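What follows is a pair of complexes built around subunit A, which joins subunit B in one and subunit C in the other.
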Partner chain A sequence: MEQARLSARQLFMLAILFEHGSAMVIPLGVDARQDVWIAILCGMVFGGMLFLVYYRLFTYYPAVPLTSYSQQIVGPFFGKGIALIYVLYFLYIAARVLRDFGELLLTFAYPETPLFILNAVMMITVMYATYKGIEVLARTGELFFFSLYLTAFLGLALVMMAGLIDVHRLQPVLEEGWKRVFKVVFTQTLYVPFGEMVVFTMLFPYIHQPEKAKIVGCLSMFLSGINLAVMMATNIAVLGADTVSRSTFPLLNTIQEIRVANFLERLDVLFMIALVVGGFFKISLFFYAGVIGTADLFRVKEHQRLVYPLGLSVLLLSIAIASNFSEHIKEGLNIVTVYMHVPLQIVLPLLLLIVAAIRHRSSRFFFTKQEKSKRG
Partner chain B sequence: MWFQWKKQLKKTTKRNEQSGQEKNGINRTVESELQRNIETVRNTTGNSVDVVIRRFLLGKEEGIPAALLFVSGIVDEEMIHQFLLESVVQLTVPSSYCREEALVYIEQKIAAAGKMKRIKRWSELFLALMSGEVILLIDGVPEALSVEAKGGERRAIEEPVTQLSIRGPREGFTESLATNVAMVRRRIQNPHLWLEAITIGEVTQTNVSIMYIKGIASDEIVEEVRRRLQRIRIDGILESGYIEQLIEDQTFTTFPTVYHTERPDSVAANLLEGRIAIFVEGTPFVLIAPTVFIQFFQVVEDYYARFDIATALRFLRVLVFFISLVAPSVYIAATTFHQEMIPTQLVIAIAAQRESVPFPAFVEALMMEVTFEILREAGVRLPRAVGQAVSIVGALVIGQATVEAGFVSSAMVIVVSITAIASFATPSFAIAISARLIRFLLMVLAALFGFYGILIGIVLMTLHLCSLRSFGVPYMSPLAPLILSNIRDTLVRFPMWALTERPRLINQTNMVRQGNDQRPKPPNQPEKEGDNH
Partner chain C sequence: MTLVHMMLLSGCWSKKELTDLAFVIAVGVDKKDGKYVLTLQVVNPGNVAGATQRGGGSSGLPVTLYTSTGDTLVEASRKASKKISRLTYYAHTNLVVIGEELARDGITEIFDAIERNPQFRTTASVIVARGRTAEELLSVLTPIDKIPANQIIKTLEMTEKVWGENLNVHAGEVIESLSLAGKEVVMSGFRLDGNRETGKKTKNVQSIDPYARLRAEALAVFKKGKLVSWMGGEEARGVLWILNKIHQTALNIGWKEKKEAVSYKVVRSKTEVTAKMSKGNPVISVVIEAEGDVGETLAPIDLTNPTQIATLEKKIRNEIQKEVQKAIRHAQREKSDIFGFGEIIHRTYPKEWKQMQRVWDEQYFPHLPISIKVDAFVRRTGLRNKPYFQ
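On to the complex of A and B.
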């Protein structure tokens, strides 16, 4: 672990940027059609519950990241195994998001640029950020938090001014009942972006005021849930559920609809800002968690030494994980969710929590016994 | 190889120093025989003609041989003649005094001169002599008396050249440290305004002073500044830029992490904010530390003008900085990669202009930017009279001929001009020049990756800015890390009565600038009778 301290506000902003990350630009949970905003809000609620699991683990071990306390909970052998799995998971997801990002950029603006180059440029930035450490990343987050919000409000204001919003497109609400919504929640929106808060199990030890960790996590999830829901609802209100569910980038299509005063049109650059900034923070945090986890697991004193080898691996991995975009998307929806998100975001943390709770209870029991014997 | 050579160099310099010291007798003390003392001075200074040795006989009756030593040009010669020489020559040392006591007698008797001290060692004597003091040697006394009589020609106080203002004091610092310090003292008349002097430079022995307000400035930062100044080992300090480069936190950055100013009111304001000023003899530029990024967009006039105007101007300055940073790269990106983002009519106009241009947009932009940088550099170094000619040539070359010849499009000319004006409008030259460097980097990125490149460049720049520190204070504070109570005086400036707290740096104790009740109100109006019916 680095020698660093983050304020609650910094962590909050990082969490917001992280949650918005790629979720802002991809068609998040569009299988729920016009009820997508409900699916996102439900995802937020269940994600919040998952977060409470991570938070509870943090309260048991406030000074160390997941990769350390897993060893304390289930012993060094299994603990190290779990830590290794998590490190690989973080790095793999970093590579996945990087691939997502590169593919989006490729299809949307740079059809003739090789994917590797686009990814490499982004990865260099991410590596620089990780090299500089979490404090620098957090400060950068503070600056971009405001610029991103400003861009978002500007975009929303323009959409409204252009008179694109038709609330009737959001109706009928719950056309096919809750079943479809919950199907989307438990296959998509719960894990991306809300379950991905599992990364913060690596970052919470840095928080300066540990008592604020809970409110930071809950508030950031709540706010980003609302934001994402509003954004997807806007997309549907502008484009209609049909177009959105077929679109690769609903947000881009919405922005492209904007035409104000015959001058403000084709504001694709707004989308690009959201894409690059969001992508950067998402990849950076996953990558940082992977690097710091590796450093923690293998007792590397300076995490900077791991940045170059791991960065290169993630870059190559981002190219190698799928041979084309559709394969990548299919992997993401079918395989990654079932074999990675569910076990690593839900099952393992729950198991760890149960074991930790039992251990703490028994140790408390043990201690009280000891005290009693001392007194006796 | 290298180490051996360095070792050898060290040895030889050491030997030289030793032999030099032996020859000059720097470590020895003043002897009692006047003639030998004068010989030593002559030998050490190499008979330099500006070292004046004025021999005379002390006292009316006895006539003890004595000598005054001073360096002409850096002493106030009028004072030497009027007060020192006349009074010393006419002085009558009572016969009851022996020669050794004559010096003490003179020291006590000549009240006309200011600072005086007795010196025994040659090293001290030469330091005093070279810094503009007058040395009195008396035959038979193994001591010297140094009298301060600093003077000589200096530039008068003038309006600062680099930081002009419409409203505010018109005086700027000069090359004299004492004058500069006095200008600040006049503004802050408080015994807690402390001044520490140190000498830096093995050869030049330059006077450097640290000024801060005890109780407002954090002791920790003062100690850090002191420590960094004391560890400087260099032969000479000729300008505060030397010091700046030797004490800054990070060298490999284009952004300045130490602020410098020519204005005494700016220094006073910074001292009141708990910062520390470093004065250097021989330069009108005073260093301020610790510095944050946002300071480079603030000028003293912001506090003299009303808050709404100041706020608007600050926004303008940041916008201007941003334009000077990205304007050419946005042009490159838009014309090369993202034509669809330009309104149709405009894109047709630009395409029509660019039809005759044989270069890609990047080469076009690079050519024009480099031309402009050449022109600017030429204009800065040239004498004023020739500078006019440069600007005419520049205007013709940039403005017309290149477009008519079909080298560049006129849209590019507009972009270059806007960039240039924006870069001049950035209030601090130090930050404008770093923007100039980064601009070229962004142009390359824009040529390679369009807007994506520009965005990546900006993210990288922000990361870099956030990683900087100035004397331990994060460079981007109070924006990142966000300090809410300090946000009132950053990009915006709140009304004067709302600026109740000093900027938070490190471990200060005295944070309150003014009370909370400073908001001006109209006088209490008597209750109107009309209200009651």
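On to the complex of A and C.
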């Protein structure tokens, strides 16, 4: 842990940027077709419940990150194992998001540039930010928060002005019933982006006013959920469910449809801003959590010393995890969800919470007994 | 650090200078001997920009045409490089022309390349070259708007707006219609009149009455991606009424013995289509509201009299209703649901649609009961109330 303090507002903005991150540009939960906005909102509700689990753990151990309190909860041996798994998970997801980012840029803007170069340029930036520490990252977040929101509002306003929205495309609502929606919720939207809030178990100890952590987390998830749902609904209302479900980047296609007054068109740069800003914060936060977790686990005093080796590993990993885009997406949806998101976002935190709760209760019980006997 | 920055910031990876790009403004697609024939209308930058400063008539032509064949569109596009000295650049392509022969053969697959390519915009307009190949249609020089592709698009946009028998359809909409079970493709046709050979030369635009002209034609009605018939005149306008695409138009109504006596200018209109179920069968209702002015009378009518106006309104309603009915009859005869009624049923009754979906074109749509309700209002009568003749 570095010596740093974040205000509640900074954490809130970081969380918003993090949640929007890549979720904004990828076809998030499109298997639900026109009901994808419902799927996102449901994902938000269940994701909120998960967040409360993470928050409860934080209230038990307000001063240390997940990698430390896992050792306090289940003992040094298992605790270190769990911490190691989480560190690897964070780094792996950082590599995945980096790959996402590179692939997206490559597909639509830089078809002739090697993936490695784009990923390397992004990773150098991320490594620099991580080197400078969380406070710097948070301040950058404050800056970009507004630019991202401005872009989003501009984009939405232009889509509306161009008269592209046809709400009928969102019908029929719940065509296949709730089954399809919940299938998407529990295989996709719950974990990405909402379950990924598990990263913040590593950042909560930095918050200046711990009592605000709960409201910050809930509010940021609520706001991101609403924003993402509105955005996907807009995509569908503009393009139709079929096009969205076949598209690699629905948001890009929506923006390309904009034509206002014969000169406001080809606004792909809006998409580009959203992609780069969102991608940067998502990768940075995962990477930072990974670095700080490693430092905490192996008792490295300065986390800066880990930035270069780990950054290089993440960069190489991002290239090595898949040989093509389809494979990358398939892995993300099938393998990562089942073997990583479910155990690490839901099962392990719940188990930790149960054990922690029992420990706290028994210790409190123990203390009160002692006090009584003293008085007696 | 400085070194790294110098390497990263100094240049672009795959930079292309403006002088290395061939801006394709229109793409024509035909099929010949089982192969695609791609026609590219490429802008000749030197002869377009600044032509007015140099006194209008510049020596060269504003555009050049290239054709190339291939089994796929991408192959044809790449092969075109044998003839073009610059890299074909599709980001400014605003028009896709489909030859009638290919349209009759089926257009389902040709949009994949357009949709997949990040350069190409799905906002490009799509038209069919009536009775011609796309190549022939694109090889005509046009006056006023020097670039023929722009001439076509602007004509299309303008006529849709003020007359309403043509439809400016984007590639994205075509793709959507092709992918939906309850909606068929409909788009405008363009015709080439006059002498085609002279149309290719500068001579064409040097004449006050060009030897060859391009003209917006009837609507091409597709069924399962294949052109099945053409729909012109009032029928075509009927389609636009139903699709809620009428912005402005002019209708002629008879008065007493005289046919076509009053011209009614529509200023705004709105159409709502809804679906209902009656005894397990779908029923479509079309509600049209139109508002407009009287533009011209050829018969002596006292337009200061509100009862006369009311009679006029009633006649207008019948006229619009007639057009819409014609359009529906035509489409039902061709069993092609160009209005997207199926999609509306899908949206309102998803469960029932499941059973209908497969046999929609054959069993349901041709016999679909459709109720049409028209409300037309005459709001103003222009600068005069009574005509000067009696």
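Everything that follows uses one rule, which is that the second predicted complex is superposed on the first by the 376 of 376 C-alpha atoms of A that agree within 3 Å, B and C clash if a C-alpha of one lies under 4 Å from a C-alpha of the other, contacts with A are read in each partner's own complex, and residues count from 1 in each chain.
Simple rule for what comes next: a contact is a pair of C-beta atoms (placed from the backbone, for glycine too) under 8 Å apart; a residue touches a chain by one contact, two chains touch by 3 or more.
Only a predicted model underlies this, so the values are computations on that prediction, with no experimental measurement involved.
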First, second, both or neither for A:Thr125, with subunit B first and subunit C second: first
Residue contacts with subunit A in the superposition, subunit B compared against subunit C: B
Touching partner for A:Pro172 - first (subunit B), second (subunit C), both, neither: second
Touched partner set for A:Val25, first subunit B, second subunit C, both or neither: neither
Which superposed partner A:Leu239 touches (first subunit B, second subunit C, both, neither): second
Partner chain(s) touched by A:Val36 [first = subunit B, second = subunit C, both, neither]: neither
Which of subunit B and subunit C A:Ile273 touches, first, second, both or neither: first
Touched partner set for A:Ser7, first subunit B, second subunit C, both or neither: first
Contacts of A:Glu142 with subunit B and subunit C, given as first, second, both or neither: first
Partner chain in contact with A:Ala109 - subunit B first, subunit C second, else both or neither: both
Common interface residues of subunit A - those touching subunit B in one complex and subunit C in the other: 109-110, 113, 121, 265-266
Subunit A residues within the subunit C interface of the complex: 107-113, 117, 121, 168, 171-172, 175, 239-240, 242-243, 253, 256-257, 259, 265-266
Residues of subunit A defined as touching subunit B within the complex: 7, 9-10, 105, 109-110, 113, 118, 121-122, 125, 128-129, 132, 136-144, 262-263, 265-269, 272-273, 276-277, 280
Complex contacts: residues of subunit C adjacent to subunit A: 8, 13-14, 91, 118, 121-123, 172, 175-176, 179-180, 344, 346-350
Residues of subunit B defined as touching subunit A within the complex: 337-338, 340-341, 343, 449-453, 455-456, 459-460, 462-463, 466-467, 474, 476, 479-482
